[in-house]
Every structure is written in structure tokens, then in C-alpha cells.
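Here it is, the structure, as C-alpha cells.
Going by the order they are written in, the chains are A, B, C, D and E; count residues from 1 in each one.
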Amino acid sequence: MSLSSLQLCLLFSSALFCLGLMAALSRSNTILVLLGVELMLNAANVNFIAFWRYGPNPEAATGVVFVLFAIAVAAAEAAVGLALVIAIYRHQKNIRLQEATRLKG
Amino acid sequence: MNADSILERGPLLVRDWLVSFLPEPARWLAGSLLAITAVIVAFASLFALLTLIERKVLARVQNRPGPNRVGIPLTKIRLFGLGQPLADGIKMLTKEDIVPRSADRVLHFLAPVALLAFAILTFAVIPFGRHLVPVELEAGVLYFFAAGAATELAVFMAGWASRNKYSLLAAMRALAQLISYELPLLLSVVPVVMLAGTLSTTGIVERQGGWTFGLLPQWHVFTPWGAAGFAIFFVAALAESNRSPFDLPEAESELIAGHLTEYSGFKYALFFMAEYFGMCALCGMGVTLFLGGWQAPLSFLAFIPSYIWFGAKLMTLLLAFMWVRATLPRLRIDQLTRLAWKFLVPLALVNLGVAAFWSLSADWTGAVRLTRWLIAAMLLAGPFVLLGRKLTAGLAPRIYRYAT
Amino acid sequence: MMALILIALVTLASAAAAMLLRNLIHSALLLTASWAGLAAFYLWAGAEFVAFAQVLVYVGAISMVVLFAVLLTRPPQPMPVTPPNTLGRALVALITGGAVLGVFIGAIVSSPLPATAAPAPTVSVKQLGLELAGRHAGALLIVGALLTVALLGAVVLAATDREPVGASLDDVRGRPPGTPLQKSGDAP
Amino acid sequence: MLGSGLLSGLAVTAKNLVGSFHDPARLTTVEYPEQQAKLPEAYRNFPFLVSENATDPMGTLRCVACQICEKECPPQCIYIEKSKDKKPDATGKLQLYPAIFDIDTSVCMSCQICVEVCPFEAIKMDQVFAIATTDRFDALLLKREQLAKPNAYYHTIHPTEAAEVDARLATERKAAAEKAAAAAAAKAAAPKPPAPPPAA
Amino acid sequence: MSLSVQLLWLIPALPLLAAVVGTLAPRGEFKLSASTAIAALTLSFLLSCGALITALADPSAHLTSNFTWFDLGHGAVRLGWLLDPLTALMCVMVTFVGLLIFVFSTGYMRDDANAKQFFCFLSLFAAAMLGLIIANSLLLLFVCWELVGLASYLLIGFWFHKPEAAAAAKKAFITTRIGDLGLLLGLLWLYDSTGTLLLYDEGQGVLDPVVLAGLGGSTAIGLLIFCGAVGKSGQFPLHVWLPDAMEGPTPVSALIHAATMVAAGVFLMARVFPLLTPDALIVIAFTGAITALLGALIACAQSDLKRILAFSTVSQLGYMMLAIGVGSWVAAIFHLLTHAFFKALLFLGAGSVIHAAHHEQDIRALGGLRGPMKTTFVTFAIGMMALAGVPFLFSGFWSKEAVLHAAHGWGFSQIPFYAGLVAVVLTAFYMTRLVAEVFFGHPRGNGAAHAHENTAAMTLPLGLLAACTILLGAIGTPWWPWLQRTLDPEFLSEPGGAGLMATSIVLVALGLGAGWALYGRKLRQKSAAADPLAVIAPRAFAFLAARMKFDKLYAATFGRLSDTLAACADALDRHVWDGVVRLLARLGRFTGLVNREADEEGLNAGFDATSESIRATAKAYSRAHTGDAHGYLLMIAFGFVVLVFAVLVGGGR
């Protein structure tokens, strides 16, 4: 079975996504969880570019524009997320995600 | 001059001639390699020369002759100390390469290499002459700053991998400085991109061709926003390349050389080289963006090949860097960040507004152009004075009491 | 095709290593490498502008933020090497991740995707700019506002409410002009 | 205005930079091995032995090997052995002379005490400072031949002091000569002197 | 360098920008504010000179640049700039005199804590005045007209901590508002009958001959517009605010009440001159004559240095109106220009005296300043001779001659002409009195005794203005009426007024002689000594010194009327409207009471039960909220997988 380039790109992106997912699920360090989420976002970006590249209408740069916006949002997310990590650290003196359960019901 | 004259195309012709010995499929690769080699060799020798010139200039400012002993090896010929870089190089290469025991060996090794690699990458988009651009990218300016931003990573790697608390602290401070000054640097470039309407470096240089009244070159620096932008760019470039008065990251006398503390020998030389490459690249960008790139300053001087003009401007800017270094004392870290955030960034934003006004008033003609000039200058001068007052508020001129 | 596979492998390998390593700094740096790999992928796909933006934002900025965050949140004593439930969680994560990956692969392989190997489309920076400032101007403004708000929010979250510590530096700044810096400044 | 201070600073350095090229008087550097700064007259470093003339330095040393300096030297860097015989000195009088006169310059601290205590104006301070050698021991131990330098050299390095010394010596010698003449006259007058007068 | 009409807006825009900069500058930034204002006005002056060059290229043309402000139903409100010799000359005058006054102010206001605002207001005023001058639309003109009023309010009340100043500012504002109401009505009427307020609009503007012919000459419109001019230019009977406005700082008096603002009314009349019917002109001429005479009479008996000058301004403005009324608007503008210069000179001289004498303004307490203040004396004397109309050398003589000449040639009546002649005598008389009291004799007060000459910032403008005062007469002499021909290309010079000229020379000499006889020969010794005129005719003098009791008259009539009306309104408010409002409030309260009862009894029970059950549900849900982020993520992933499987198995596609 031979895969087309688009399928390769998609496989690449889904592998990246699952890597991020697994990291987010397994690591207890909040920073690494955040980075896992960041990786998942990047995987989505890869998809956008792939579909723009092999899609039916590459002249409309919608995919590229969307990725640009996604990058901006990811930057905001990273800044706020890491600030949150620092705030958590200040309260509980470590950044283990399991222990950040003060607001549980 | 004719854009296709033999002098202008000289480097290209040489390349084509050299490449023509190879079979067709290898030519493209060989041509690229040749260009890369040329750039690296040119700037490596410029680096060697610069170390000497810098020491000479500093010495002259302090009324000393500077290094003038080392000439051609094994002879008595001195040549104003032109052999000094060679001697320095040999010394650096033969020194012991010390890696602290608990250091992270891989990162410790990678840091200088990465720094140098990124510094060299930035040369790719600078137009050295009318036909001499290593890579013609449409988003060249963006590329330049993307590659430049990566140098911060190398600084961090150096500081962290040394496993020395001074190195790490200094690296963090260096990062704070680099990030702080990245902002005014970028903001000072935005007006240029806005007015030129392109991100391509060659495009920007071509926009600055031509002469007003056949006399005044239409370089960006000769407009109010361009002058202000160039000033901001210059200051931010000084900080980005860790040059005095912003040389906190490697202040040998106070901060034990910062992230370079645990480096010696060849790696230290690589750092040194990377710093100079970075400086050259930033100066080259400054020349490209504001000083007209390879354009000749006067129309009758256009017969001189473009790359010579570029080189002359680059040298001028580098000399200005040295001049500043010879003059100004080092800033404190709080002064340094305050200057960036409270002065340069607001001023750069104001400058952006002025550039917007300039582009909106592009159709003003005749004597009204003077008004346009005055309005733009006033719009800049007012905030400059106010911000300056704010920056220096509460600071009286220091009175020195000397022992008599 | 080969280039794509190479880029993908390098990116995935560095990402996987980043996620597995115990040393956070190494993780962050490897992740930076993986982001650079993504930029290479964008370049390969012909999205030049996006690639540079990726480098500028991820390699230049986010990596820095991550490194700062790592250094600012060092635990006072080293974390216990193996928390009791780590192994179980890793297993669960592996199973879940594997399941998701399986679903993805199944979906991708079974989908009738167009297999056109068209030449890479090029979208000029100018076109992109017009697109951004034209059709997507609203979104651009909103993103700007979002970034500003995020910046302020991050500052507020991360800033410590420091009590005024004495006035060591302010003393020097506030002193009346003309007084000597140190007490015995007047040497003979 | 903000920035005027920076500009005036830049002007100062630029003035220096340009000035250092067209105004050689600004450059204070002396390129040492080729050019040497004139040392001040009062500068002193390491002793040397004064000989009366340059043609025969060993024969005309003023030193009579009295060994006072050897005893007084605080770091004990002088070593002297007296000669067995006597030789005429500059005035023609028979005197002892140093068979060995060594100064260990690696020990000498240039305190000038040897000069102070010498009753014969035979040892004086030199102005040498460049005595770097490739051997730490023998080459730094200066021998009699290396130490002996003519009086003319003394005049070139410390002209004022040398003139005073010469004048003093001259008067002493004159007095000695007169005394000798008187003694001779007395001797001539008294055919049998009771005892030879002590040496002047 | 010439300036095209499209860029005419730059002239007022620059001072406006300076005003904005001044506003934004931090408090106490006196130097920044002042230098910005002066720089802006200098630029405006240069631009005005450019405009003058453009205008002189073809004096008969009215260059316009119109644009649409906003659409309004069928038509559109259009504004525009107008450039003709009248505009250009006024611009040059206003910017030049204004510039000198600005410079003077840097000296005069140096010690004032609010000097920054002062320059800000001055710039605003200059901007508004220049906007008024260049307006090609009566609407724009009206807007600027009101802005000028605002600026004058701010400036007169600049020392608002003094109650007199605050009251004077209010008085000026309200009095001129009365006139402005008339102006607004006139404009509305005009718009109703012509459908446009543009002055010149390629044959469609109100002053273009076609439209004028269509209008057929409406006396009422002209008179309503004249109402505005009466208010602004201090004509009888609305002249009362002008002398009181002297409470403002002296540069303000010079700028507003001599050179520019009061000239706005005259300028307006000159601008709309084609609109005025002969009937309207008669009213204008008589109003002007009365004002001229009245002002001169009252000035004779005042003792405040600035008040005398203020009443002389009233009188001179009367001259200008008179000139317009008799049909020679060109003479009016000529007199306006020369008057602007010498009156600014006089006021600045007065300011110099006041500044030097530590804010002593009473001429009885001054005296003997000729010695210590030489420059001021010489320049003040030049201004005085120009105002008095001393022949040949001074510009005031020529312009006054032009006015009298025009009045003499008026067919309807000779009364205004004779009133003018009497005013000539009186002018020479009171100016002589003023100079004699202030500059000759001995100092009679502390302020005057310690006076000394001011700094160059104050004397330099005096010198320049004095020079202009002398030179400016040359452009309008009967032998070379350049100004008249430029302004009105159809102007015919009528030689042969030699007899008239001689008459007025004699009259001037009479006035000067009488003044010198009464005040100069025997100088005042003590500040408390009685005025010689008061000795001769005590009751008349007291009447004049009380400014003919106009203020009292107004207070007794209009003031009383408005008080009564206010009392009526107050009673109505208290007793009628208040009751209605209270009734409504009662009603509301009653409704609220009824509502509350219904709520508590009927609705609340049901809500309580509902919220109780919601709370129970929430509690159950909150137990699922474990706080473990991994768990959440896991559930999401799990849910995703299940969903996709469901779709795949269930064959959703």
C-alpha cells in the first residue's frame, strides 16, 4: 500500500498529536503537560498546512492565515499557562499537577 | 552606473566561471557552496580585522598607539600589527579547552556552535551588492529576525550547561536584555517595512534608490521617521550584540564574563566570532534598512561598484559601534531595562504613528513637503523630550568629588 | 517525499525524547528542536511566512518562556524519583494515546483523500498581508486584543506582591543632588 | 536635552581619536625596547663599584675591600674576599683590593645602606632594571667585573651627586697630599722620625 | 512662495495644534507652551504672507475651495475657504500683531503660575480668529465666531480668582450672546431664502450677483447680521462689556479688544457688504456715529489707564461702522488695519507701564514715567499721535481721513459726519490728557516711583508696532490708494478733499491744545487732586465718569425683568411641578408595596423548592470534579475514541 503525500502529512500530524496527548496524560510536571498541549496545537497546524497544500483551493491562503492565528493564540496560551504554573508554584512549592486540586468539589 | 557592467557583475562572473568546470547537475550546489564560502571567508577575515581595528581605535581614543608589534611571522616586518589576529588565533586554538566536571557536556559543546550557526544564518538575506544576495527571500526581514531570535537559545544553553551559578544568572540577565531589546529593534523596523511595502531586503534597498533634486539620496535615514527609527535600531542593535554600553552579559570586570565564564580556548573563540558575526549582520541589516544598502550616496559616485558602497557603509557603522564603546560606560541592569521599556518602546510606537502619517501624506507636493517634514519632526520631538524627562526624572547630574 | 519523511522523523524523535526525558531543560531544548523541525515542514510545504513566524514565535519566544518557567519553579528538594502511581498513569496514557492514534490511522488510511501531487502552491507575503488586513481584519484585531490581554494577565499572574524592602536603591536615587556618594568621599 | 551629554562625550572621544593621529604629542606611550624614557636622576636600583677610569676598571677600583658594606648589608647579598697583595690605587697609594666582590641581585633590595656606609665612595647606586636572564642563579649573581663601572658612567646617571663626590674626593686628596708633603718636609727636617704617621 | 487656497486651512490649524500641544503639556511647562505658540503663529504668519502673494496676483478674484461637510436630506451642508485680498490682509494683520503680542506676553506673563494655559488660550483664540477670516461659509464663520467668544471668555476671566474678572468675563460672554442670537437668526433667514450659506460658490453663493439679485435685498437679514456685529464690536447699545473686559491681562486687551476680536464685527460687515440694503446702511451709519461720539465722550472722564483706551476703542469701532454705513467698507477696513496696529501698540505700551508700575492702573497715581521708561514713552507717544490723528506722518490720520471723506460724501445725512468731527476733537483731547497724566510730572504713587524699563521681550514688539504704525499710512493715502484699489477694484479715488483735510487738522490741533491747556500746563501734584474738567463741569463729569449710567440702566430694566421671570419660574417649580412629581412617586411606591406582597407570598415558595433541587444536583456533579487535570484529559480522549468508534461502527458516513 502506498501512501500519498497528504496521508503522510496527516500521519505525521496524528503521531505528533498522540505524542502530545500521551505526554499530557502521563507526566506529572505541569510544564510538561503544557508543552504536550502545545504539541497537540502544533499537530493541528500541520494539518491546516497539509490540507492547504494538497487541498482543492491553494490560492486562497485560508490555511496559512489560520495557522498564523493559531500561532498567535498558542503564544498567548503559553504565556498565560506558564504564568499560571508560576502562580501554582508559589502556592504549593512544587508544580505537580496531581496536587493542584484545591478547588475540587 | 550600468547595472550590468563588468565590475558590478564581477563576483557573479567569477562564480560562473568556476562552476563551469563541473557537470551540469552539480553546478547549482557548487554555486551555492561557493557563495556560502565567500560570505564566511569574507566575514571571518573581517572579524579578524575588526578585532585588530577595534583595539586600535580604542587605543587611539585613549591616546595610545594600540597593538602594532606583530607583523609577518618570522620577520621583523610589523605592518602596524596586522599579524595580531593571527597570533591571537593561534593562542586561542592552542589553549586548553576546559569543561567543568559537572557541566552538561553536550550542551556545553553545542552552545557556541549553535550561536555561530545562527549568526551565520542571518547573513543569508543581506544584499551585499546589486546582484549579491545569497538567498532572495520574499520575507527576508522576517527571516533575519527569526534567525536572530534563535541566538538567545544558545546563550541560555551556554549559561545552563556550565553548571555555574554565575553563568546561569548572567545568562538569565542576558536573556532579559536580549528579549527587552528585541522589541524596539523589531518596532523600529516596522516603519521601514510599512513604507517600503515589502519584506524583501532587496526590495527595500531598491526603494531607497534615486536622488531628491538629483542630490539628496532617498535613504530612509533622511526622513524624520527613518532618522528616529535608525537611532532606535542603532541603540537596540548595540544591546542585541552585547556591545558597550550594554555589554552586561559579558562584563569581565564586574560579572566574571557572564555565560562565558566556563569557556576557554577554541569554544571561547567561537563565541567571540559569533558575537562579531552577529554585530556585522545587524550592521548590515541597519545599512540595508536605513542607509540605502548598496546605493551610492551621490549620483555621480554610482560608477563605484555597489558592493564597495555596502562595505563602506558597513565599516562606517562598525566604527560607530567602536566609537560608542570607547565613549560610554556600562549601564546597570535596571537602567538598561528601563531604557528599553520606558523609552525605546514607546518612542518606537510613536515613530510607527509618524510613519503612518508620512505614508498618508505621501501626495503632498511642493512647498508643503516642508510642512510635512516639520509636522513629522514635531510629532517625534515632543514625545522624545517628554519621555526623556520621564526617564531622567529625579536624577540630578552627579557631582564627582575627586581626591585632591 | 524523502525530505518530508526525514523532517517528520526528526521532529517526532525529538518530540518523543523531549517527552520522555527527566531533565526538564533537555526536554525544553529538544522540544525547541522539534518546533524548528515543524518550521522546516512548513518550508517544505511552501508556507515560507508561516515557517519564519513559527521560528520567531516558538524558537525565539515560547522556548524562552518555558526555560524561564522551568528555572523559576525548581522544587526546593528533588522530587521523589518514582511517585507511587507514575507507572500506572504511564500505562493508561499509553493505552489512551495508542487508541487515539489507532483511530486516527484508521481514519486516514481509509479516507479517500485526493492524491494529487500538485506543485507547491506559493502565496506571496503581499497576498497574505492583504488577506490578513482585508478579509480577516476583524480576526486580526481580536487576536491583537487577545495578545495584549494575555500579556497583562500573565504579568498579573506571575508578579509577586513584594513588600517595600527598605529603600536601599531609592535612598541613593532620592538623595539631594550634590551630596557625595559615599560618606567618606572626600579623600585627603 | 536628553542625549546632549552622550553627544558631548562622543565629541570628546572623537577629538582624541583624530588628535592622536595628527598630534603626536598626545601619545604618551614610549615603545620600550627601542625607545627608553629618560630616568629621573634620583632613580636608583642595585649598587655598582666605581672605578676611576674605563681603560683599566679592575686596576682602578676605589674599593679597598674593607668589608663594611658586607657587614652592614641587611639581606646579606654582598660577598667580598680581600686580596693577598696590595696594588697602587688611583692616587698611587698601595691598597688592598677585592679579589672577589659578588652581589646577589636576586636578594638585593636596593636599600642603599652599602652606599651610605662606604667610607671610600667606592660603591654607588646604579640605574639598571632590565636584568632579566634565562638562569635564576648564576646569571643573577653579579661578579666584580660586571659590577665595576667607570666614574664617567656615574657622572652620566647621577651628575649632581657625582660632582659632589668628586669635589669631596679632590679636597680630601689635596688635604692628604698637603699633609703628606708636610710630613715629607718634616721628615726631611727631622732626619729620624720617631714613627711613621698613620695613614691619612 | 505662494499658498494655494486649498491649503488655507493650515493658517488656523497651526495655532490650533499649538493650543492642543499646550493643553497636553504638563503643568508649569511655560516655555514649551509659549515657544510652540510663537512658532506656530510665526509659521502662520509666513503662510499668510504666501496667501497675500496669491491673492494679489488677481485682486478681483475670489478664490474658493469648498467641500461637503455632511449630507442633509435634499442638500448638503458645505463649508469652504475663501481667499481674496480682504482675507489675506486680515490674516497677515492678525498673525503679525498676534505674534508681537505673543512675544510681549512671554515677558508680561512670565511670573504667572498659569502662564501655560494663557498661551494655550491665546493660541486657541488666534486659531478661531483666523478660521473666522478664511471661512467661505457663514456657518463656518459663525462657528469660529462663537469660538472667538469662548476664547475671549477664557482670557478675560483668566484671573478668575478676582471676582471682577469673573464678572467681566460673564458679562462679555452674555452681552455678545445677545448679538449672536440676532446673527444666528439672520443666518437662518438667509439660508431659508437662498438655500446656501456659502459666500462664493461659482455663482451660487450668497454674495454672487445672481443670488443677490434673487434675494432682492432684504433689510431685515442685513440688520440681524448687524446685530452680531454690534455685540462683537461693542457698538451702542451693547458696548458695555468692552470696558469691563479690561479686567483680563493686558496682552489680552491688546489682542482681543484692540486688534482682532472686536474687528471681527467690522470684518463681518465688510464681508457681507453686498447683502446690505440702503435702509440697513442708514441704521449702521447712525449706530456707528452714536458709538463714536459716545465712546469719545466717556473716555474723557475715565481715570483707569486701560478703560480710557477701551472707550477709545469703542469710539474707533464706531468710526469703522460709520464708514461701512456710509458705503465705504474699504475705508472701514483701512481704518481697521491701522487701528489694529496703533491700538495694539497703545495697549502693549499700557501693559508695559502697568507691568513696570506693579499693576497700578489709575492714571492719577502714575506720572513722571517719561524718564525711566524712554522706549515705552516714545512708542506710546507715536501710538497716541496716530490715534489722535496728527497729520501726515501717522497712519491713523490717513485712515481717519478716509472715513471722514466717505462720511462727507454721503447723500442721506451729514449728521454722522459732524459727529465724527466732534469725536476727532475729543479723541485728541483725551489722548493728550492720558499722556500728560501718565508720563509727565512727578510720580504720584509707589508703583510709579519705582518703575523702570521692561525687558526686550516687551520693548521689541513695541518698537516694531511703532514702526508699522508710521509706515502703514503710506498704503492708503489719497495720492496712492493702493489698499483701496486692491480691496475694491472699482474704487475711484476722489481727489480734492484738501479742504476737509485742513478742517480736521485744525480740529486735531484744537483737541491737542485744549488737552495741553487743561492738563499739561499745570501738572497734577497729588493723586487725590480733583480733575480740572471736574472743576469746570462737575455734574457732567460725574455722569460721564459713571459711563453715562448705562450699566445702571440695564440693571434697572433688563436685569429687573429677568429677576422677575426667574422668580416666577421658581414659584412654578416649587408649587406646581413639584406636586406632580411627588404624586407620581407616591403612586410608584404603592405599586411596589403590592408587588412585594405578591412576591413573598406566592412566588418565593416555588423558587425555593426549585433552587433546593438545583443545589442538590450541583452537589452531585461537584463530586465528579476531582481536580485531577489528567483525569479530565483522559475522559476527553476516551470520549473521543468512543465517539469515533460509534460513528465507524454505526456507519454514520
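By definition in this document, contacts are C-beta pairs under 8 Å (C-beta built on N, C-alpha and C of every residue); 3 or more make two chains touch, one makes a residue touch a chain.
The structure presented is a predicted model; accordingly, all values stated were derived computationally and were not measured.
Between chain A and chain B, the least number of touching-chain steps is 2. Chain centres were defined as the mean of their Cα atoms; on that basis the chain farthest from chain C turns out to be D.
Centrality annotation: B (chain centre taken as mean Cα position, compared with the mean over all protein Cα atoms).
More C-beta pairs touch across one of A-C and A-E than the other; that pair is A-C.
In terms of their C-alpha centroids, the spacing between chain C and chain D amounts to 77 Å. We define each chain's centre as the mean of its Cα atoms; on that basis chain B and chain E are separated by 58 Å. Here the spacing of chain B and chain C, counted between their Cα centres, is 27 Å. Averaging C-alpha coordinates per chain places the centre of chain A 86 Å away from that of chain D. Counting partner chains per residue, chain B has residues 385 touching two or more of them.
Residue positions 630, 634, 637 of chain E each touch two or more of the other chains. Counting partners per residue, chain A has 21, 25 as the residues that reach two or more other chains. Contact between chains, using the touch rule, shows up for A-C, A-E, B-C, B-D, B-E, C-E.
Contact residues on chain E toward chain B in their complex (touch as defined above): 1, 7, 10, 21, 26, 32, 43, 50. Of all residues in chain A, only 1, 3-12, 14-23, 25-29, 31-32, 35-36, 38-39, 42, 45-46, 49-50, 52-54, 56, 58-59, 61, 64-65, 67-69, 71-80, 82-87, 89-90, 93-96 touch chain C in the complex they form. Of all the residues in chain D, the ones that touch chain B in their complex are 1-3, 6, 9-10, 12-14, 16-17, 19-21, 26-29, 31. Chain A makes touch with chain E in their complex at residues 21, 24-25, 33, 97-98, 100-105.
Across the complex, chain C meets chain B through its residues 25-26, 29, 32, 48-49, 52-53, 55-56, 59-61, 63-64, 67-68, 71, 124-126, 169, 173-174, 176-178, 180-181, 185-188.
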